[in-house]
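Structures follow.
You will see chain A twice below: alongside chain B first, and alongside chain C after that.
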Partner chain A sequence: MDRRRAAVGYALLLPSLVGVGCFLLLPIAVVLWLSVHSWNLLGPIEFSGWDNWRSVLTDRRFGHSILVTLALTAIVVPAQTALGFAVAAMLARRGRGSTVLRVMYALPWMCAPVAVGVVWQWIFAPTGGALNALLGERVEWLSSPALALPAVAAVLVWTNLGYVALFFVAGIRAIPGEILDAGALDGAVGWRRIRWLILPLLRPTMFFVLVTGVLTVFQTFDAVYALTRGGPDHRTDVVGMRIYSEAFEAAHPGRAAVMAVVVFAVMFVITLAQHRYFRERVSHEY
Partner chain B sequence: MSTERSLRAVAAYLVLVAGALVTVAPLVLSALTAVKTPGQFANESSVAAPHPVTLDNFRAVLEQGLGRAVTVTALMTVCITAGQLVVSVMAAYAFAHIAFPGREALFWVYLGTMMVPSAVTLVPLYLMFAKLGWLNTFWALVLPFLFGSPYAIFLLRQYFRAIPGEIIDAARVDGATTLDILVGVVVPMSRPILATLTVITVVSQWNSFMWPLVAASGARWQVLTVATANLQTQYNAQWTLIMAATTLAIAPLVVVFVVFQRQVLRSIAVTGLK
Partner chain C sequence: MSLKPATRAVLGVLLVAVLLVAAALWLGRDSDGGGRTVVRMRIWDMSFVAPYRAALDEFERANPEIEVRITQVPWSSYAQKLRLDAAGGIADDLFWTNLYEDYADSGHLLDIGAALGPDAARAWDPQAVAQYTRGGKLWAVPQFVDGGTAVYVNLDLLAQAGVDPAEVAAAHWSPDPGQDTFRPLLRRLAGVSTWPYNAANDFQSISLPYLGSAGGQLQRDGRFDIDSPPGRDAFGYTVGLVAAGLSPSAADTGTSGGSTNADFAKNAFLQGKLALFQSGTFNLATVARHTGFRWGLAMIPAGPAGRVSANNAIGLAGNAATAHPEAMRRVLAWLGSAAGNRYLGTAGATIPAVVSDQQVYRDYWAGHGVDVSPFFEVLRGTTIAAGGGTGFPAALQAMTPILDEMYLGRIPVADALSRAQREGNAALAQR
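So, the complex of A and B:
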């Protein structure tokens, strides 16, 4: 009887095992294998030892793309978290129209990032673009080396802000009213209430928002593809873009495989570090 | 004191409303541009209201292959969503309610794969599909995502575990098969989480871009996002046409959101969506 139960269990699991095996685990093996081979997308695949690794790890452009990605993350994540929290603090009251407002703020998050990128490319366009029409000036937002990265960052903040805010709204609403009332008696109102009551209680939400924020921004591709393709002068060449161009424009998928492995390792370390940091802080608080 | 507080509340509300308007402005402006004539766009300020309102831009891009892309995208989204739901429900039920050797270890493997970024699997998947000769087919679009997702399985398992084992045992004693239990007990009891997962999958598949871009960039199996990105380069700066394409890519989900706002807002709060 129990054996039959176990067989049913395996049978139910089988389709998902095919999926996880073929399209998640096998690709990881293939990416490692490909990293020591050379291929031009069409011809034969040949073993090339550590050539790809050596050339990628000494490749200035790859190092640069990691720095660009880190810079983008360093701008976007704090900005979207702070703004998202500010919006949530106001949005958390169940006032008139609060659902409509939440829908409006969350709307960009629903939209295809690449379509959003195309829309913003128009808004930033030097001629015929909406932003310059409103400003009455001709500013080269996306083609000037100094402004391109901040412009891309602004689009990402615009996209993610509402989603971050919704998380904080859920967190704030989960705080028991008695705690806030008791705090109010002790003089915790307004800013003090936020600083000493709500923020400490929102640690778990904060952790989630920061971790998912870092992981999504680190993987940015669609919006950059539509906005700048990594330009001007590689100023917005995030690692997602670099891997794509290396594999499919330069036709060096072996080198792209090395980059993918490095990105995986970096993201793993970031996740681990964030976990450590927050576990310590959270356990000390309670 | 109380007037000061209510004044503050009004100020906060005004800031909130202003922020919301700024948030939707780019989308509204792009939709307005999509219904402008190219003549008006060229001669007036690009933020002027459209007059006359025209649907010619939509007609033009739909004829340029975007019509087919809409169909392909819809078909892909439906297939993947159906496949993921069925496969994930089966797997999650096994993880939640059936004892078998290796269950915990396998579950950890599934959890581990959730950490793999799509940029990592992109190149190897391309290699695999190229070697099989399946690039630029419908299969290339759907196969990698058809067999469930570890994320969905994880969410469903958490939910299924809350279903009391006694209910399932009672059904089994009454002679119900596993399929009966899934269809008759588990699925009806899990409607909210299934609705949430449906929303997540539809949104992420409709919007997916990176894999379709490399796996099916040919005209035949282009999805809407890829077609829009191509139009962007093809119709260099013919913004009324390009905005018609982005509006087509964005509008269906906006409609979904407005109609199912409760479910969608909850999906975001529960899972982070995507």
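So, the complex of A and C:
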């Protein structure tokens, strides 16, 4: 009977296993395999040993794209986390219309990133753009070396804000009222309540938001593709864009595969570091 | 009879799997269910669907056992998607191409000469045939030629500025201000228009004509040759027009600010903000349909080496891995014939590649009061090759951001040309 139950269990798991195998494990294996092969997508595939690795690891442009991505992460993740928390603090109150507001904040995150990028491109357009019309002066947001990355970052923050806020709202609402009431008796009200009660109790949520935030920014491609295509002069050339350009514009999927593996390693190290940091600081259960 | 829940679950999973496989097989079928062979054809321009459909309807009436389906893939992703589909073995049977060398060299294309016979090419535009000949073989059936580049002129703005249209046709650009009559003309137009002209990082309509009319060429012996005295003259002149405010800022027209800026100049002309719009026949139908002012066509300005234009052609390539070689051959033969190719010119969409059909295009526009001769006249002199070769698309991708920076005025012309040439040749050398 147990063996039959187990067989049925495996049969039910089969669709998921096929999905994981086909769409996760197999692509990972293909990427690793491609990283040691030379191919232009049309001609024969030839084993090239470590050539792709050597050329990518000594490629200044790839190093530059890692730095651009780190800079974008340094802008986007703190900004979306801080703003997301601020929005969540307001949305957590169960006032009239708070559900509608939560949906509105989450809408940009639900939209297709390319569609968001196209809309923002019009907003940022130097001639006839909405933002410049509002400001009353001509600013070349997306072609200025100084402004392009912050402009892209602003779009990403705007897109992710609602998503981040929703997690904080759930976290805040999960805090038992008794803890907050007891804190209030001890004088923890206003900012003190946030600093000494809510933020420490939100560390698991904070960990999740920061980890997914970093991973999301490292995987950014669509918005950059629609807004700047990595320009001007590679100032917004994030790794996602670089991998795309290498694979599909330059037709070097082998080099792109190496880049993908390197980015995976970087993301893994960052996530591990975040995990260790928060593990040592999450000390409560409720 | 009632089944146990576990048995029902397993049967459910199996049913879903069978349905998925059946759906996949149905979607990938090669016939229409009525026994007809389906030939798939891929193009990038939506405006060609109607003339092609008309041509193919006639073909299908004569060949009822074949159905031809047209797929339109946007130009912005066409090259990447085609390459990926070819790599995955799912490219359409027929597809438009202009940069075909990688495909021909890797055995993905049908040898047109072998398929249609050596005489087929006699009817086609010789320059188009030359463009699609590589290694002594023809790799595509030319469908249409772009013709030369001309200048769309807003006659109302010219009248306001007191400029005779004949002055535009006689204009001469030169790096020597003493001999330059074009820039003074643009200055006069600056008083009545937001922008007088559309100098920009526009490969076909601006870069090639200026480079050619300065006496330069894009490639020499398969390597880029823009870092040359003619190159510096040509790009120095056009970059100077942008810097002087006689053309829109490169922040508006370049690729650095996003992917939709390519149409900025066209839209500015349609809105009556641009007095002179240098472009090709591919914008003629749009201009004719959407302008609310008097307009006309003039020859491009002559340079130190005269008036020089590129004459690009688009060809229809056959997929060597097709499952229906005979049906595909018949479709190619029809679309390359005078009777089949004629449809592309009847509504003025483009200049058919079959030479005897080209008058159809002229007649259509003459009937609409448009003299298209500047597109043809400019090709009577010297023409400039639009470049090509294995790795050419990747090379252009590498060069474009540098030329964008040059037009933005952030890299001096000589430095930018040197860097762009180096990067372009490095990309070619990686093949």
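Here is the rule we go by: the second predicted complex is superposed on the first by the 282 of 286 C-alpha atoms of A that agree within 3 Å, B and C clash if a C-alpha of one lies under 4 Å from a C-alpha of the other, contacts with A are read in each partner's own complex, and residues count from 1 in each chain.
Note that in this section a residue touches a chain if its C-beta (ideal position, glycine included) is under 8 Å from a C-beta of that chain, and two chains touch if they have at least 3 such contacts.
In this text, all values refer to a predicted model and were calculated from it rather than measured experimentally.
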Point to revise | Three-chain arrangement built on chain A, chain B and chain C clash or fit | key: clash
Check your understanding: Touching A:Val211, do we find chain B (first), chain C (second), both, or neither?
Key -> neither
Check your understanding: Once the shared chain is lined up, is A:Asn40 touching chain B (first), chain C (second), both, or neither of them?
Key -> second
Practice item. May I ask you to name which of chain B and chain C touches more residues of chain A? Key: B
Check your understanding: Of the two partner chains, chain B (first) and chain C (second), which one does A:Phe248 touch, if any: first, second, both, or neither?
Key -> both
Practice item. Figure out whether A:Ala226 sits in contact with chain B (first) or chain C (second), or with both, or with neither. Key: both
Review point. With the two structures laid over each other on chain A, which partner does A:Pro126 touch: chain B (first), chain C (second), both, or neither?
Key: second
Point to revise | Touching partner for A:Ile175 - first (chain B), second (chain C), both, neither | key: neither
Check your understanding: Between chain B (first) and chain C (second), which, if any, makes contact with A:Pro15: first, second, both or neither?
Key -> both
Exercise for review: Check the residue A:Pro113 against both partner chains and state whether it touches chain B (first), chain C (second), both, or neither.
Suggested key: first
Check your understanding: Is A:Leu147 contacted by the first partner chain B, the second partner chain C, both or neither?
Key -> neither
Review point. Considering each complex separately, which residues of chain A are in contact with chain B in the first and with chain C in the second?
Key: 5, 8, 12, 15, 41, 118, 121, 125, 127, 225-226, 248
Check your understanding: Considering the complex alone, what residue numbers of chain A touch chain C?
Key -> 4-5, 8, 11-12, 14-15, 40-43, 118, 121, 124-127, 140, 142-145, 148, 225-234, 245, 248-252
Check your understanding: Which chain C residues qualify as touching chain A in the complex?
Key -> 6, 9-10, 13, 16-17, 80, 83-84, 86-87, 102-103, 105-106, 108, 248-252, 254-260, 264, 393-394, 397-398, 401-402, 404-405, 408, 410, 427, 430-431
Check your understanding: Across the complex, what residues on chain A touch chain B?
Key -> 2, 5-6, 8-10, 12-13, 15-20, 22-31, 34, 39, 41, 87, 90-91, 93, 95, 99, 101-116, 118-123, 125, 127-130, 133-134, 158, 161-163, 166-167, 169-170, 208, 212, 215-216, 218-219, 221-222, 225-226, 239-240, 243-244, 247-248, 253, 256-257, 260-261, 263-264, 267-268, 271
Check your understanding: Can you name the residues of chain B that touch chain A in the complex?
Key -> 9, 12-13, 15-17, 19-21, 23-24, 26-27, 29-30, 33, 41-42, 45-47, 87-88, 90-91, 93-95, 98-101, 103, 106, 109-110, 113, 115-128, 130, 143-150, 153, 178, 203, 206-207, 209-210, 213-214, 224-225, 228-229, 232, 237, 239, 242-243, 245-246, 249-250, 253-254, 256-258, 261, 264-265, 268-269, 272-274
